[in-house]
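Letters A, B, C and D mark the chains as written, and numbering starts fresh at 1 in each.
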Amino acid sequence: MSGNTFGTLFRVTSFGESHGPAIGCVVDGCPPGLPLAAADIQAALDRRKPGTSRHVTQRREPDTVEILSGVFEERTTGAPVALLIRNRDQRSRDYNDIADTFRPGHADYTWWQKYGIRDYRGGGRASARETAVRVAAGAIARKWLAERFGVGIRGCVAQIGEVAVPFGSWDEVGRNPFFVSNAALLPRLETYLDELRREGDSIGARLSIVASGVPVGWGEPVFDRLDADIACAMMGINAVKGVEIGAGFASVSQRGSVHGDELTREGFLSNNAGGVLGGVSSGQDIVVSLAVKPAASIRIARRSINRAGDAVTVGTEGRHDPCVGIRAVPVAEAMLALVLIDHALRHRAQCGDVQTATPKIAGSVDGRRGA
Amino acid sequence: MSGNTFGTLFRVTSFGESHGPAIGCVVDGCPPGLPLAAADIQAALDRRKPGTSRHVTQRREPDTVEILSGVFEERTTGAPVALLIRNRDQRSRDYNDIADTFRPGHADYTWWQKYGIRDYRGGGRASARETAVRVAAGAIARKWLAERFGVGIRGCVAQIGEVAVPFGSWDEVGRNPFFVSNAALLPRLETYLDELRREGDSIGARLSIVASGVPVGWGEPVFDRLDADIACAMMGINAVKGVEIGAGFASVSQRGSVHGDELTREGFLSNNAGGVLGGVSSGQDIVVSLAVKPAASIRIARRSINRAGDAVTVGTEGRHDPCVGIRAVPVAEAMLALVLIDHALRHRAQCGDVQTATPKIAGSVDGRRGA
Amino acid sequence: MSGNTFGTLFRVTSFGESHGPAIGCVVDGCPPGLPLAAADIQAALDRRKPGTSRHVTQRREPDTVEILSGVFEERTTGAPVALLIRNRDQRSRDYNDIADTFRPGHADYTWWQKYGIRDYRGGGRASARETAVRVAAGAIARKWLAERFGVGIRGCVAQIGEVAVPFGSWDEVGRNPFFVSNAALLPRLETYLDELRREGDSIGARLSIVASGVPVGWGEPVFDRLDADIACAMMGINAVKGVEIGAGFASVSQRGSVHGDELTREGFLSNNAGGVLGGVSSGQDIVVSLAVKPAASIRIARRSINRAGDAVTVGTEGRHDPCVGIRAVPVAEAMLALVLIDHALRHRAQCGDVQTATPKIAGSVDGRRGA
Amino acid sequence: MSGNTFGTLFRVTSFGESHGPAIGCVVDGCPPGLPLAAADIQAALDRRKPGTSRHVTQRREPDTVEILSGVFEERTTGAPVALLIRNRDQRSRDYNDIADTFRPGHADYTWWQKYGIRDYRGGGRASARETAVRVAAGAIARKWLAERFGVGIRGCVAQIGEVAVPFGSWDEVGRNPFFVSNAALLPRLETYLDELRREGDSIGARLSIVASGVPVGWGEPVFDRLDADIACAMMGINAVKGVEIGAGFASVSQRGSVHGDELTREGFLSNNAGGVLGGVSSGQDIVVSLAVKPAASIRIARRSINRAGDAVTVGTEGRHDPCVGIRAVPVAEAMLALVLIDHALRHRAQCGDVQTATPKIAGSVDGRRGA
């Protein structure tokens, strides 16, 4: 099937193109009785909204969300919640230049060969604009996870290009346009990105996402492990090329006597596992790291071919993010929320009657170490 | 649902515990008419079979596979293919010591809290023994992919602990017990692992898996992207903590003008994408890298708790792999095959009628660079 | 999951309530390149539109459909096609009377107990209004089935209450407000329904739906048989209480020597199978019959309880169909189309390479016998 | 996908052919902690076992089931439960006569055209033998439904050919080879079936299946309604051509003022709904009726074609059921159990926190009226 539905029980079906009339989604399987208003979703959308600083695309979209169904007297009814976001700023400029050519590093070539037709305007369905929908759906998931289980999800940019950002504080993340946790790096990042923009180039980024308060027991081995579904969700975000859980690639050179997190009645003594053991949540923070590649739409001219297969050079003018990783933070947080609520529901479906006498030990890791 | 089925159209449902009567799977959705005999599957199983060298678990299992259904006169009929592998070497020793305690870094604690009951014998369902089933199912997928599309899948161990292995040749991989491509490193690895075994410790590994000959067009955006499903499949293998496609985390510090693989009529000029663009295969090699953590079952005693929540120390005697990453190579190859055949079928379901006049450009990257 | 998605590969996700802002759906998995305009869908919607005669609900809804995505330059792109229908005529009258009570024969009681909250306005999500969405999605499926395979789908009302309608001609069906094939019965049906309306009562109906031109081979045994999925689709329409394929319940008293349709090179000699053998289409007409119960919303007062569990009497004023079966014809046709396109795609996914030397024998049955 | 998996959360994946080495299934998603032994399943299998009277096939199969996984110390662990039944009595006679021809009313022709290969021995995968697996899986579902919710499922043959059987008592059903509830009809049925066997013909049957104790609230509108999934499950049983819920086709001529079951605090006053309103269980008995066609394998010679398309006559010697409907009773009971447990789990996944102050009114209908 064309894979535009995410989740098994909490299901998000996404639609829409960058320059079509609208984008949106249907959220099916939301537990009934959850207090929900458009404002709850709008707040999340505003965090990833374009045009908020000179360091992201200058496209002006209000991203106003309308709830079309599934909510009655400001509570969810258990019926599908449809969300609609009208596209407003479809710049009228001519796209014919890119209609016929394929940008290196972009979906242009592969989608064209797969479907034999493509809406090239602004990248069409392949545009990062589609991720607004995930943020909107994720907002519903986050609200339920917070109210029902006290789960909190936070993310930040941990590295942009060569510039690694030592973790500062979660509070700082919301105060700057780069979603970084450490204000000391801001001047350097400003210069770095201004430079890139001048050069008409783009750069990658590393993101760190942490979920706190996840109870032990979520995840469905052997295939639908919590970490496997998280990896799927993260790698399914535009431009992501790598995913780590906990120690990730560092575990390659770790010894078992170091990697394995020791258990005490007071909690785990470390979190190399990143909150997932045997594909099931441990009660510790879920710690995810991802690599976002540099955007393919850059001004610098590069070699490519056109539909006829002839050699051409392609440079993309227009309103693009020099570092798409920045606005990917709310998207990655949302995807993690979607995975978690889905597994919360799956777990109680099969194991709703399970109880053990064994104490549920506290996770010992704070967000800081997680990041 | 309990997640023991993998795939959407080519579906593998796995069952079995380490010390139960048998392990096996049902493969549903296999195209009819594929020549298939038990020997085809047995060859694959023998590659990951335990007890083949002193560097892997000494458990002796013939891993003899029986085809129970779906094959008639040595060709698949389109009906489900059930595969059965009887467990033979269930060492009779007493497991009561681990029955009551939780190994650091192992599924013991999380599965116990999730299910309220567990088959602790040899790890039960959480044992790496379950992965034999994936190799068996993958053998069917690989055969069809090879015969129908000429797809070839190869993998090797690229790093064990601190020992990185520069790529040598694919031919070498089959000749040594470490699945490495470079014979020059063998003496060092032997010493390294003998040392570890003496110390009763374990170590992680990095694997590289490459699929060649995959045509352009496989993958189902926006959620079921080829790379997303590969990430899910790889992170779903026991002990995997990280997954990269193509440049992976290296893309964090790459510029767009470097990362984006240029296209020419003769082929792509690089493969930072790892063969996937916009979630759809490009025709280049699919290049996957994964991090495998060190095994949790080690002799070195570590702190933990028991079912009652009391502090204990746990050290695991018995027949364990000092580096589980080694035998994970055939498993990862198999999982990649399962993802690819599933997407081959999904693609032709929706896009079976698509044709374009645009030439399908050759992938330019050889397995070597991929690895 | 809340079950608002229909289909495996051609997937329709429905949303919306009777008196909310809008109803609609997302159609995912549509093959790319299909010519499609809003007008194609509008024509289908107009057939089931309310208020077209005094014999159906007098609610006035233009049912104007907007295509929000998945179509570019009037052809499908393979991306999800989102369809939106705004609700216009939400009568402002007070619903508080039914907010608190449960209509006999209606979803009121069961949905309230399941979800603990309900949008009672006009039946909310349980309203037959939701079926407009199925008709819209079905229009896309029908267009592809017709253009790709020459499949045609027709339906009619075969019985209303005690009045059985001998099959006349398909042409007649479109000419009268009852979707019957035989004009001779019209005067009697007019009187019959006027009578019912005066009495404030409702009545059931039997529908006959026929698909012609379906090639041999569609259906996925052993569980996802074509007839099983048709039964699911039909029983999933509001108010349907029975489904038959081919001879249906008449086969109970048939002998094997009568029931089994003989094969000749020129075609089958009968169609007791209703076009499905062993869960797979035979090439004959797919013949489906269904029973639609009388509507629960009637003026006649009946005994029930309210939310507090106290005894009440309930009579429903307002704009209701005395025979909901009438407008169910386009809905049933649409659902059959959705099942067929889904199986067309599923079949070519697994069996796209299958060829036999055996001639595909012609179906011998005309629509008339089908009905 | 090839549709050999049934269910969304409680998933049964079936495999095996009539004359292959074995049949069986994997049951995934079973709640952990359920007491389960092979004997629990064996008892159910013995009810549908062939060769128990002269009125069913004389094939001798012990149908001994082996539990391969998912059970530890006689309780389910939450891991997949694999069940294996070896085929014993594969009569060695030559099948070449039917290998090349297509039985009227049988899957022979359609499966051959679909797959291009078929295991013709004893019907291969299309054989009713496959249904033993459903009974085995259903036994697990029934045990959980009974222990967790007190749900009971019973079925009987209500009509064989022209012989309708007025409901007698459920106790009688287990005492005769026809699964009928009324001993008075036994002599007539014996004669009737002996006659058919002499003539080498077969006959259809009508079955009635009733589930008691199902709580209000199971079912997932708008598509995955409880009745829709029941219809799918029943129509998915070999040879079933019609399904009714409650009043079924009788509702066509019912008035709304008669059909709608009135509610009182003491319970519903009738059960025309058959225990399902708006696709959700009402707390009344779930009442299902189904039509089973006469078996296609009969001795009487009939016209058909062979693989080359040439005209032939086909008569089937061998061990066949003159009325396959008889042994379908335990199969239909099992399928109903599979639908119910799946919806029990789906319901608590989404609505596990729902509570209402409205009393859950008693179902007023006993099994007798149900049948």
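One rule holds in what follows: contacts are C-beta pairs under 8 Å (C-beta built on N, C-alpha and C of every residue); 3 or more make two chains touch, one makes a residue touch a chain.
Please read all numbers here as calculations on a predicted model, not as lab measurements.
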Comparison of A-B and B-D (more C-beta pairs in contact): A-B
Remotest chain, chain C as reference, centres from CA atoms: B
Type of chain B:chain C copy interface by residue overlap (half), same or different: same
Chain B and chain C: spacing of chain centres that average the CA atoms, whole Å: 45
Distance from chain D to chain B - Cα centre to Cα centre, in angstrom: 39
Whole-Å separation of chain centres (CA-atom averages), chain A against chain B: 26
Touching two or more other chains - residues of chain B: 1-2, 4-5, 8-9, 14, 29-30, 32-33, 78, 114-116, 125, 346, 349-351, 354
Chain contact topology (line, ring, star, complete or other): complete
Partner chain C, residues of chain A touching it in the complex: 1-2, 4-5, 7-11, 13-17, 20-26, 28-30, 32-33, 66, 68-70, 72, 75-82, 84, 114-119, 124-125
Chain B residues within the chain A interface of the complex: 1-6, 8, 14, 102-116, 125-126, 130, 159, 161-162, 196, 201-206, 216-225, 227-236, 238, 241-265, 269, 272-274, 276-282, 291-298, 300, 302-305, 307-311, 325, 346-347, 349-351, 354-361
Residues of chain B touching chain C in the complex: 9, 29-33, 78, 148, 345-346, 348-354
